[in-house]
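Next come two complexes built around subunit A: one with subunit B, the other with subunit C.
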Partner chain A sequence: MSALTPGFRGGRRTVSDRVPPGQYLTEGFPVLSAGPTPVVDTGEWSFTVVNEVGERVSWDWAAFSRLPHESPTVDIHCVTRWSKLDTTWRGVSVDTLLAEVATAADFAVVHSVDGYTANVPLQDLTDGQAWVVTGYEGAPLAAEHGGPARFLVPHLYFWKSAKWVSGITLHDEDQPGFWERAGYHDYGDPWLEQRYQSGW
Partner chain B sequence: MTVWQQARLVERLRETDSAVTLVFEPEEWSGHLAGQHADIRLTADDGYQAVRSYSLAGPVEEGRVVFTVQRVLGGEVSTYLCDDLPVGAYVEVRGPVGGWFVWRGTDTRPVMLLAGGSGIVPLQAMVRQRRALGSRVPFRLLYSVRTPEDVIYADELARPEGGVDVAVRYTREAPPGARRAPRRLGLVDLNTHGWPAEFEPMCFVCGPNGFVEAAANMLITLGHDRHRIKTERFG
Partner chain C sequence: MDHFVDGNALAGSLRQVFRPDITTAEARCAGCGAVRPVADFRVYTAAPGAVARCAACGQVTLQLVQSPGALWLGMSGLSYLRFPPPGR
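Now for the complex of A and B:
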């Protein structure tokens, strides 16, 4: 008999070794956003990469659509404790986007049209680890899930996969993003349960 | 921030058929901001643990922290907390969490609170924080709820303090004699009970995603700056 929570038996024992500690599986796709869902017109959308010395390269929707696309199937893990396995997306590898800019930066900040930001070490965005996606499960990405385009960096907690993305800036120094300034972990590895800023 | 600590359940209050307020006494609590939440961890006899985040329902009082938990169908943590956890027993808590969906007493803008269902909890925490501070910042709370029986904090909302306007709107069943037929919150409701956009209020919207999506979009339609609209969604 545990001294804690007498009689608690729990329901959903996690059955997969693909689910990180403290997470539970969901079949749904919960929506979590800090503000209203922006209306982003693909006719006005563009994606811009700015390197650490201010050089920039941009793609409008048509140019972005012509880039080589991939269809990654990945597991995603939200810091609010749901995980979802085998989600399939369609988009452009960040490797493809970064190939157009020279950089020796160590850090990246992902930017959204609504001012949201998320910081990620650059080495976590290369070698097939991250995408800018415009499709989900065979359909255009819905606005509430970040459409027309969101970030996808599935090996980190999902707040790093910013919705409504507009670009990436590259930096020599780490710069905390939106949730990172509000108490969440700078890096966010779900397997190490890096949910909150150090101390937890 | 703190680590996991044990917290004893000292009081349980029924709010509605599906919502319960739980008062815990943690070993120590450093305090929190109105709108923040905290993690509750349950441990089964076989060592299995489950953690969920719940909104704190008001400021710390005499070292006690208050949660209001809505029972989720099939929810392993919420059903245990709502139905089974005995007074005097312990859970583990950790927090507070979240530095974005918060109202600080130092902000003097008018405040617009839009609650859907159990989304009332962090918003009422802001009303209670205002009260605890003796703040005179003008608040308006618009609460959309299914039926009169589903109103959480009904007694408290029926007698708001000066400077806090409360309007409850029903989506499925209105009280006898109500002039407004039950329906979802609309622009008319926001126009009648919200602050005009020119007042530049800080807007907090909390509830199920469909409610939050609709309410936040209505605020945009009415001219509110999206940077003054903070949302918290569940489900």
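Now for the complex of A and C:
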């Protein structure tokens, strides 16, 4: 219960402090999917950011691979109640991608190749809070976990971390995504247990 | 003249629609137009909710989300459900 978290220096944050309310820890990595796993060839893949006036910037796989990469180690929390600590990813910070785009938008929608979407306020994607990742625990990201590239925004429930990502669109107005249109919370803070739309 | 009644007037008709077994109803996919029985949907349940997809094109037809307080039925991928007459 009060074992010190390995590698957490100078703090008294215990493992139980790192598990949000209503969650349990898992050592495995459950695969959740709302459809068949798409086959995405890196030769065909690209990532596109479109701002609120329709200007776009795209990276193909080679160009994306040349961007500066980071290796964040983060805890992840799925709305189906499992949490997983100290997961290590490799990818590009969303700050790096957004640096190429002029925007005054307040909202973003993350898009997947299979039509899945998730909405996130833009301020939750900047300042080192979100990545587009292509590696997991030292290996290329497996297709079942969203490879070749998925989103990673670990401070929100994991449905916001869309698999098989193809891009981000930026908007002046909030636009609910795939699960947010069907009862799930618009924001999804695991520490506040924002699972479902308010009051339900 | 702008005459209307409240939604309770639909109760009789809707009782024929939202009855215990809708899997025999035929559904038209809003994506590709295929008309198939609901029972033919491909349903994915390893997800935050159940997701039904058209067997012909793969587009999402229904989403079902159960929270402690409510059951949501998202139907944005469906253009209609067609029910056989009662007793058939």
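Criterion: the second predicted complex is superposed on the first by the 184 of 200 C-alpha atoms of A that agree within 3 Å, B and C clash if a C-alpha of one lies under 4 Å from a C-alpha of the other, contacts with A are read in each partner's own complex, and residues count from 1 in each chain.
Note that contacts are C-beta pairs under 8 Å (C-beta built on N, C-alpha and C of every residue); 3 or more make two chains touch, one makes a residue touch a chain.
In this text, all values refer to a predicted model and were calculated from it rather than measured experimentally.
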### Message
Between subunit B and subunit C, whom does A:G183 touch in the aligned arrangement: first, second, both, or neither?
### Response
both
### Message
Quick one: is A:R56 in contact with subunit B, with subunit C, with both, or with neither? Answer first, second, both or neither.
### Response
neither
### Query
In the superposed arrangement, does subunit B or subunit C reach more residues of subunit A?
B
### Query
Which holds for A:G115: it touches subunit B only (first), subunit C only (second), both, or neither?
both
### Task
Name the contact category of A:G22: first (subunit B only), second (subunit C only), both, or neither.
first
### Task
Examine A:V31 and indicate which partner it touches, taking first as subunit B and second as subunit C; both and neither are also allowed.
both
### Message
I'd like to know which partner A:R66 touches here: subunit B for first, subunit C for second, both or neither.
### Response
neither
### Task
Kindly classify A:R81 by the partners it touches after superposition: subunit B alone (first), subunit C alone (second), both, or neither?
first
### Query
For subunit A, which residues lie in the overlap of the subunit B contacts and the subunit C contacts?
30-36, 80, 115, 178-179, 181-183, 196, 199-200
### Summary
Given the complex, residues on subunit C that touch subunit A span 44, 46-49, 51, 53, 58-60, 63-65, 67-70, 72, 74, 76
### Task
Within their complex, state which residues of subunit A touch subunit B.
1-13, 22, 24, 30-38, 80-81, 114-115, 144, 178-179, 181-183, 196-197, 199-200
### Query
Can you list the residues on subunit B that touch subunit A in the complex?
1-3, 6, 42-45, 48-53, 74, 76, 80, 84-86, 89-92, 94, 97-101, 209, 213, 216-217, 219-220, 226-227, 229-231, 233-235
### Task
Mind listing the subunit A positions that touch subunit C in their complex?
30-36, 79-80, 115, 159, 178-179, 181-184, 195-196, 199-200
